[in-house]
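In the two assemblies presented below, chain A is common to both, partnered first by chain B and then by chain C.
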Partner chain A sequence: MKKTVDVSIPLGPVHPCWKEPVRLKCETAGERVLRTEVELGYMKKGIERIMRGRPWQEVMFLAERVCGICSVVHNMVFIETMEEISEIAVPPRAAYLRVIVNELDRIASHILANFSYCYTIEHETLAMYLLNTRETVLDNLERLTGSRINTAYMIPGGVRFDLLPEDAAAMLADLAKVEDEMRRYTGIFETGPLIALRSKGIGVMSREEAIRSHTVGPTARASGVEDSDLRLRHPTYRELGFTQITRTEGDNFARVMVRFQEVFQSIDLIRKCVDNLPDGPIRGGGLCKAGSTSYAGEAPRGELTYTITTDDYGRVVDIAIRTPSIMNIEACAHSMIRDAASIADVTSTFISSDPCIACNER
Partner chain B sequence: MRSIVYYVREFLRPEWLKKFFFAKTAPLETPSYFKGYPTLTGKECTQCLSCMMICPAPGAIAVLRKKEGWEPEVYPGHCIRCGLCVEACPEGVLSSGRILDVTGRDKTAFASWYHLEVDDNLCMRCGNCCVSCPVNRELDPQLAGTGTSASDEVIMRIEGGRVRILHEEKCTGCKTCELNCPNRAIRVARMVEGVHIEEAEA
Partner chain C sequence: MSILQDIKNAVRSRSIHVSYVDVGSCNGCDIEVLACLAPRYDIEQYGIYVHNNPREADVLLVIGSVTPQWVDKLRDIWEKIPDPKVAVAIGNCPISGCVYARRGTLTTPPVENYIPIAAQVPGCPPRPTEILSAILSVAPLIYKDYEEKQQ
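Presenting the complex of A and B:
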């Protein structure tokens, strides 16, 4: 049963702060916002229905078109699900290359999320700085895979292109620049007194609430939920010695800072991958078989689950995608935006939970 | 009045006009690694249709008969620039960015073939699939209206009242049989495998 909110201020579906259409209905008393409710359904694509009955080499391209911000991870989780169904082993070099591309995509996604938070609290200068840095990351994705967003880099049993030593060197040089710039921007964000006024202690979600509402990803990690990163269970990340970043404050500031810290962590992971890149083939072959399984991977916003049933010839018979934002958006409306001081805090809190509506409605 | 005169003077200076009309922004350059729409390299197409078989976007590529042989044509409105056709082509007819060089260097390729499958419970032995198949028609012009044929070279024929698939590897995946089947008994499945070339030849 839907909670009824006495709507006095509707935000959206078209709102300058939202990247995608969604409506937030707010119940206010004077300036204070008492309760909010989320209304979704403005951009349903029906992409799971389109996927059914198609072979994997078509679904692979549809999967990465679910979301334009985290497209690489959709491709990766779909391909890893197919590999788990068909018991295909990935060559070690391909597994490391996958991590490199996935982390580049994660950096781009986190920077975009922080851009939109800075934009929402009207710190446009920092926002534009961040977008500028994101371009460098996307250029590196293009150098590796040939395209900036929909890369289509992974196939069952390997990846499509190899990484040349000179490309790796150019990428590391670019990443050093990105790291340098991000250190400066993180410093600006961390120490800015006006940013702190808009961010610290606003939209607080406690650890218990985060666990009860099943939040995932940076939103959960900012509230101090341990063991909430699926990269801890991924074999390649485990080899690389991945550790989770957790903060305890649970407010807007913590959520943005977790993403800033994860950018540095991702840069370190890419460096480790390039240093320890094993030699060998990048494709192992292998045919997709019949089966049914559910597999989850860590998207920039949290746990992404694909439940797939295939037939003997690699066609997808049934598919269900559960994206991370669905939990985060509900938790945001119920736990974070409670008795907010003003409408301005509602928009910034909502954006700080990094809602991805395209993922959400598929 | 004085201000208008000032502005006219200011903007009619040759330096300013030059700067205004000949902006010095560096021209945008497409990087060499950009995956564009596939273009022809000039090598001869053997009409194996691998590019059409692997293409994930409906109607993005077609191998057409030109005056001097066959030639693939890419339709930019449908193409999603994934570059699979470039990787799948065994002759290197197509090229997109540096994918062709990269696949040559890494020795990667896509092996793909078709699998024909007839559901005996749904099939009513009408023979439409064997008659409509364009490859069948080319291999055996004497193909009878019931789908029976004396030739052993055809993809499939009716034998003893049921469809028998003889040469699956000759299928080009046009799916004409699927379209002409009144009962949806025949299904064409596309099998694709990403491989290293040494492996495939071994």
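Presenting the complex of A and C:
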């Protein structure tokens, strides 16, 4: 970036607001922040290089360690890509169970993102409420899959564990509690006058900018980009009658509210899945074959694409992962943080776009 | 043992400031450290404050296998922390590299090669309770009678 102003303030890589290391370089004039630039590269582990030449049984576990927050969806998209290459059909019960686990993960991820935002704008009470609710969601994830974070629940042709009726009842009871609590917290966020001062009209990204910079996920939906949720194209979600949530403001408030609303939508989807859970096997079996394809799914942060080439023995010859955060972070730096009133707005705007650096750099 | 040392011991046992640094993990351990803040585990009732500021930290939680960018920066951060200080490795990554210690990787684990590690919490990722108990058991060992041991 060409230096045109008086002071340059670096934020990070170790910063109280960041969960992960990233550096924002701010060009300032007095208190105002004119422009920002993102410096990445602190988390580059070369996971795609490790994946190449390994059998899918190993790559499956590597795929979910691309990102710890949304590990389930990395697992799901990788497995569905392998299924598409090998033409493996999934039993209907397994397809529904996948949606349940994926939506539980999405709820946990969205609550964590909103926790970070509330923590950044120094509303610590609401942040702690949200973090406590997230623990209830993770309990359900653990009860069903056996693990809190890296679950490795899905395998080609099905899932690992069945949902027992008593577990389903406990999950529905917990979800009712989560929904109740989240309604209260959404009310606190929506009506808080000081939250509105820190959030409304700050970090605005227009619909045209969102489309031009290819933003995805809740960041795009908050700016009013229609048809930007890939769950609309997923067969199981279509069966469940999924509709997309869109807001038009495009500011920090809208981005956080979209995530709040999607939590309720996910809870409804899980309820629908549990109520209409088909009987039958949870593992269909199948053989991974040679082929090459590109497949996309909706991660909590947006569109996640896996491009995989395999050989006859089920080994991954070539793999390329496109994660959602890379577009969102760049759009955040160039479109949202422009002429911000202070450094405090820069951190809150950056966190509101839900950056996931581990996903981003791999 | 002097009275001053007794007072310091008593105060330090209920005031542990924690900073965490992610040197290249999948951030699964990061969010488990964050989960310790939740009222369910309530890290602050033990007198532990997560500030993420190395200059006022007592305990440094190191997460992740070391990526090239962090090789020199990790040492810098370690030097910025005032004495007495202690580093705890969270997760498998700083201990062995976990899944990243394979052919073709860009990381150079373990973290022990760069800074002294006092305790290790294995797991991928470890539970918040394990992280909490590791901090609580290692911090008093380092801080108890620190000034008298120095003499």
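What we mean here is this: the second predicted complex is superposed on the first by the 355 of 362 C-alpha atoms of A that agree within 3 Å, B and C clash if a C-alpha of one lies under 4 Å from a C-alpha of the other, contacts with A are read in each partner's own complex, and residues count from 1 in each chain.
Note that a contact is a pair of C-beta atoms (placed from the backbone, for glycine too) under 8 Å apart; a residue touches a chain by one contact, two chains touch by 3 or more.
All values reported here derive from a predicted model rather than from experimental measurement.
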item	value
Superposed partners chain B and chain C on chain A - clash or fit	fit
Contacts of A:282 with chain B and chain C, given as first, second, both or neither	first
Touched chain A residues, chain B compared with chain C	C
Contacts of A:356 with chain B and chain C, given as first, second, both or neither	second
Contacts of A:43 with chain B and chain C, given as first, second, both or neither	second
Touched partner set for A:160, first chain B, second chain C, both or neither	first
First, second, both or neither for A:192, with chain B first and chain C second	neither
First, second, both or neither for A:152, with chain B first and chain C second	first
Partner chain(s) touched by A:10 [first = chain B, second = chain C, both, neither]	neither
Touching partner for A:291 - first (chain B), second (chain C), both, neither	neither
Which of chain B and chain C A:19 touches, first, second, both or neither	second
Minimum Cα separation, chain C to chain B, after superposition on A (Å)	7
Chain B/chain C common contact set on chain A	61, 150
Touching residues on chain B, where the partner in the complex is chain A	31, 33-35, 54, 56-57, 80-84, 87, 96-99, 102, 105-106, 108, 111, 115, 117, 189-196, 199
Chain A residues touching chain B - in the complex, by the definition given at the top	55-58, 60-61, 139, 142-143, 146-147, 150, 152, 155-158, 160-162, 281-283, 285-287, 312-315
Chain C partner contacts - residues on chain A that touch it in the complex	13-16, 19-21, 41-47, 49-50, 52, 61-62, 65-69, 71, 112, 115, 128, 131-132, 134-135, 138, 148-150, 356-358
Partner chain A, residues of chain C touching it in the complex	19, 21-32, 34-35, 37-40, 51-54, 64-65, 67-70, 73, 77, 98-100, 102-107, 124-125, 127
